[in-house]
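Think of it as A, B, C and D in the order they're written, each chain with its own count starting at 1.
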Amino acid sequence: MQNGQIQTAVVGVSGYAGMELARLLLHHPRLAEAPPLFVGRVEEGRESVPLVSMHPQLANNHGSPEIKMLPFSWELLEERGVNVLLLATPHEQSRSWVPEAIARGLRVVDLSGAWRLDEEINRSVYKFVDEDPERAAELQQESVYGMPELHREKIGRARLVANPGCYATSIILALKPLIAREWVNTEHGIICDAKSGVSGAGKLPTAKTHFMYAADNLSAYGVYSHRHTGELLEQLHLDADEITFTPHLLPIPRGILSTIYVTFWEPKTAGQVNHCYQKFFAGSPMVRYFGSQLPQIQYSVRTNYCDIGFQLSPDGRRGVIVSCLDNLLKGAAGQAVQNMNLMCGWNESEGLV
Amino acid sequence: MQNGQIQTAVVGVSGYAGMELARLLLHHPRLAEAPPLFVGRVEEGRESVPLVSMHPQLANNHGSPEIKMLPFSWELLEERGVNVLLLATPHEQSRSWVPEAIARGLRVVDLSGAWRLDEEINRSVYKFVDEDPERAAELQQESVYGMPELHREKIGRARLVANPGCYATSIILALKPLIAREWVNTEHGIICDAKSGVSGAGKLPTAKTHFMYAADNLSAYGVYSHRHTGELLEQLHLDADEITFTPHLLPIPRGILSTIYVTFWEPKTAGQVNHCYQKFFAGSPMVRYFGSQLPQIQYSVRTNYCDIGFQLSPDGRRGVIVSCLDNLLKGAAGQAVQNMNLMCGWNESEGLV
Amino acid sequence: MQNGQIQTAVVGVSGYAGMELARLLLHHPRLAEAPPLFVGRVEEGRESVPLVSMHPQLANNHGSPEIKMLPFSWELLEERGVNVLLLATPHEQSRSWVPEAIARGLRVVDLSGAWRLDEEINRSVYKFVDEDPERAAELQQESVYGMPELHREKIGRARLVANPGCYATSIILALKPLIAREWVNTEHGIICDAKSGVSGAGKLPTAKTHFMYAADNLSAYGVYSHRHTGELLEQLHLDADEITFTPHLLPIPRGILSTIYVTFWEPKTAGQVNHCYQKFFAGSPMVRYFGSQLPQIQYSVRTNYCDIGFQLSPDGRRGVIVSCLDNLLKGAAGQAVQNMNLMCGWNESEGLV
Amino acid sequence: MQNGQIQTAVVGVSGYAGMELARLLLHHPRLAEAPPLFVGRVEEGRESVPLVSMHPQLANNHGSPEIKMLPFSWELLEERGVNVLLLATPHEQSRSWVPEAIARGLRVVDLSGAWRLDEEINRSVYKFVDEDPERAAELQQESVYGMPELHREKIGRARLVANPGCYATSIILALKPLIAREWVNTEHGIICDAKSGVSGAGKLPTAKTHFMYAADNLSAYGVYSHRHTGELLEQLHLDADEITFTPHLLPIPRGILSTIYVTFWEPKTAGQVNHCYQKFFAGSPMVRYFGSQLPQIQYSVRTNYCDIGFQLSPDGRRGVIVSCLDNLLKGAAGQAVQNMNLMCGWNESEGLV
């Protein structure tokens, strides 16, 4: 595929991550010749839906043809020679469609939570009912967790990439370098206090996404029960009682800041910690390590960067990690493009900066 | 009634205006002996709903008994000796319930748009279907537009007070003093550019009340068609082509600011204009006139004041009026309490400052 | 003093806490006869400054005389018979003025950080230079930490009450019940991840209070170095390495939410924890305990409540406490009035709900 | 110059418009070979200031060399072969530097208000004191108002382009098509009610840019006196009493929405109005005309588009125009790049979409 023609298709462009995905792919330099195909649910009797009717901000005035979303069908994908499929669909839909997509020879980046979790106990929060459990188990086995900083090579070869959760991305990238070195005393517990903008809650209007609920407010939710927890456990090889993850709803449109607290087995110096992070992310263009200057949400919003900073306690035995990213980009659509780039043999950050 | 015992009841406490009404009445000094009765729709099989389950911010920790909402019935109201009914119900429900309430001898303050408009053409936007059109016409005739600054005495005697719309309150109070003097050249058109916080759009989660829609945004809506326009025409005695009213949705929880543009028949001085406003509002405790220091939304939010400022053009022929209020208080629940005070013969601002 | 006439004076009404203090005292039922005296820095040559020129939202239209701030002098306080002084002044000014005030027989509630800390090591962050170090040491010894839920009786008798810091109030109230029982394994470290609205940063325009810095953002600051830490250590009897406190700047005007993480020596049940909190706060009208329903910032903003909720980990060995309050009320001016009430022998919550 | 090598330099990169200008130029496809030179005030003794120290969000992790701001000197510009200078400097500085720049053969895009106004009476609000008034008058005569939709060809040939004000851009683009046709009854007055995000007020922390002032608020300011008024009068050929412009400060970081009210001499149809706008902007890639679907601030924020919508009154005699843009892009840095593109003979929208 690295030499052949890439033809991408996106399913599920109506949500926030879908819109960002559309925007990124429409400006992607490697897709200029073969623009992405947008497919989805089109009202009976209509031939297509202009993207601009869902997302007026995507309008242009440059004489380029209007971008349209066509009614989804496997035949259409085949007809158009699609070989890379990006799914910004609900968890259940992704769980149900992926086996067919793989069977038809497509390579898939799935933005949902459907294929991220290997352990059934972690996956159980999604309550999937697989039509062909055996096939699903095989695919689950095969699927690669789409975090390039951890699984770059596997992603390059993968047929099925499960794009990580937004909170999970922010936390795993912050902790992995220290945990990989076995510096962290997990018996003392790792605390992940994370805060996300409202776009993370999705586009469906609910009591919790009402402006009056979120504005001028802050609320914790999903304590000891958020479904991104499973990703933390599996990717960081932790037990459930070694990590506490508390998400909060911030009164801002987008961005995540995670404040993470660790205890070390042995005292460390700032120099040791900086070196640890710098080494770990040496080949990773989409992580910016700020050292003791802590990143803020504003720095990474509307970029594909995950920004990480670290402050050591005076006695060197404890540390506070601050990790920021844009939940719709590095936490969703941007990381999906990063994965797509790797699958196509392109530069990881192409079309992202 | 001015000497007898007042027993109030509130229907419709679950919305934003309902919550403010509950808060105001629970702290109202004249209702300390006979607290308001809260009634509404209670799930089948339950005896009551604690107010605090709908509005956690109303919780107290003072040993006072928990406030409950009881299932509505006319019998309950009679049993409890209710004689003043405050309706924070949808327009259709108010239109349908008020005839029964009046027939049962209750005096009513209705916060909806059901009884505000005398002219059928203005009322038509609400598409009411009256069960007994003749009776409805009589009641419509009898109902008093609940703006104390314009109709103080009639309100004091009224059986049915139609509490004004939030935008309408802000605009009518700003224009009435100048129009009453016949200073305004209405042929040149009056422009009312009004901006409201999101609580004005109600508690139902919709695409437009989603945080992602309202935050970091501003949008105009209902141009030439907003249903508060009829109130402007009737209270200011204007024709539809003499006034343009454009509401906008502000990214804030509450507050309205209206910027209003007038042309004078004859040039005026700032002194003349100030005198006109000061005289008009001399006996009106809930209007603050700021002169050429323009009020801001922050000044009046969480108060029952309507704040008004005025700037004259250098040639004295044109003027900009800025009028601010809290859409849930002077624009809804606060003005309702002001009306209730007048109906009960109490000080107009009792329980409001 | 409990029987004599109370005459209050407020110094420092121009800031945010000062404005709230003015608002509370002007509506305080026990001060209706003898309204508070406002004093402060008045421009040379002027006799007074109307409060409304600093805070337009305090304007009224009720014929009551305009409230003015007079130029501060000890003579004026004496002349007016002031016996209770509330200081909303900068730390250094409070440190320097209090000895004189006490010497003149005034009782003082000081809202600054000047007299909160007994240990010199904790106080050192403020870099005070005392004119009379011996006298300062005596007063420091005598001063009472103004948290009624912990020191109600001492406050009632105190000459000098040091009103607590906003973050400290939120965290100490959340932790004290559990720590007093010796349930918390402090060796595992207590994590306090706190988030505050911008009013906590004061009224002086700085790079960090610029709208463009704070809006759509979240940032951590003062990691391992915030000066409220000393209050936590002293009031909770902890060592510096037993607690980590990370403040964050929220893009909202007011409100604090602290998310606090504890490990227990022995597993607990939700019932045990609930009982512990309910018992501890039984006589405390200004704390609302929500059990496992976590409070949100909106619930307590514009009230004097501290709201506390608790969620237990599945294994009963860890807990997440969420504690919310309004930084300008329970975190400053409201708690000051609560302390003043106790000093005057009045009901603790008078004028506060 | 259209064939020669373009070397750009930017003065004044520390502000909000400066940062956007830096971002746009660093990604501009025609400047990939010869990146812009950043110059400005550098602290004595330092050789340069990394851009990232002023704007952390500009950090990259791609191995590209760090971008630095060098100390300004005319010699440096000459040495580096700069031929296009972009000034994001204060008005007075631009007024004083431009004569020297032109004398040295540089072509200039000036983002300040220094050279926008031909009439002395309009310019007087800036209170400029020219060193060489004659030379200044000549340059003023020569300078071109940098609105490509009105002066595309002149801009292409200009030595000095005065980049328009943000409010002025939004209003002039909305009105020009109708006024050019002489449809608008200016005797009835044109009302421009404009609302801007806080970045328009600049980066200096002041009482009005404090988060507590702007958040949850809306305020009108500069009524009858805002200095963008002169641009409206000159570009639309109006007298001061024919147009009223009222700016408001919105609680959002960026974006302008102007609601503009016109009366027509003769009734128009929606078709006529749409045709008028579409024809006027036919060759203008950076204006999107939305017809009766009114644009919102969100649509154009972080783009270089000016979005325009129009609603006709039922009698066809009046109209409401809504015009939106990003005050830092089409209202500042984006339009500057658009002008630079034209001056260099490039596609007008290059590097902007």
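By our rule, contacts are C-beta pairs under 8 Å (C-beta built on N, C-alpha and C of every residue); 3 or more make two chains touch, one makes a residue touch a chain.
In this text the structure is predicted, and so the values were computed from the model without any measurement.
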Pair joined by more contacting C-beta pairs (A-B or B-D) = B-D
Farthest CA centroid from subunit B: chain A
Mean-CA-position distance for subunit D and subunit A (Å) | 37
What is the distance, in whole Å, between the centres of subunit A and subunit B, each centre taken as the mean of its C-alpha atoms?
-> 47
Euclidean distance of C-alpha centroids - subunit B vs subunit D, Å = 41
So which stretches of subunit A touch two or more other chains?
-> 215-216, 251-253, 296, 298
Complex contacts: residues of subunit C adjacent to subunit B | 56-57, 59-62, 216, 281, 284-288, 290, 293, 295-296, 298-300, 302-303, 305, 349, 353
Using the touch definition up top, name the residues of subunit A that touch subunit B in the complex.
-> 16, 198-199, 203, 205-207, 209-216, 251-253
In the complex, subunit A touches subunit C at residues 188-189, 191, 193, 195, 215-221, 223-224, 240-241, 244, 246, 248, 250-253, 255, 257, 259, 261, 263, 294, 296-298, 301, 311, 313-315, 317-318, 320, 322
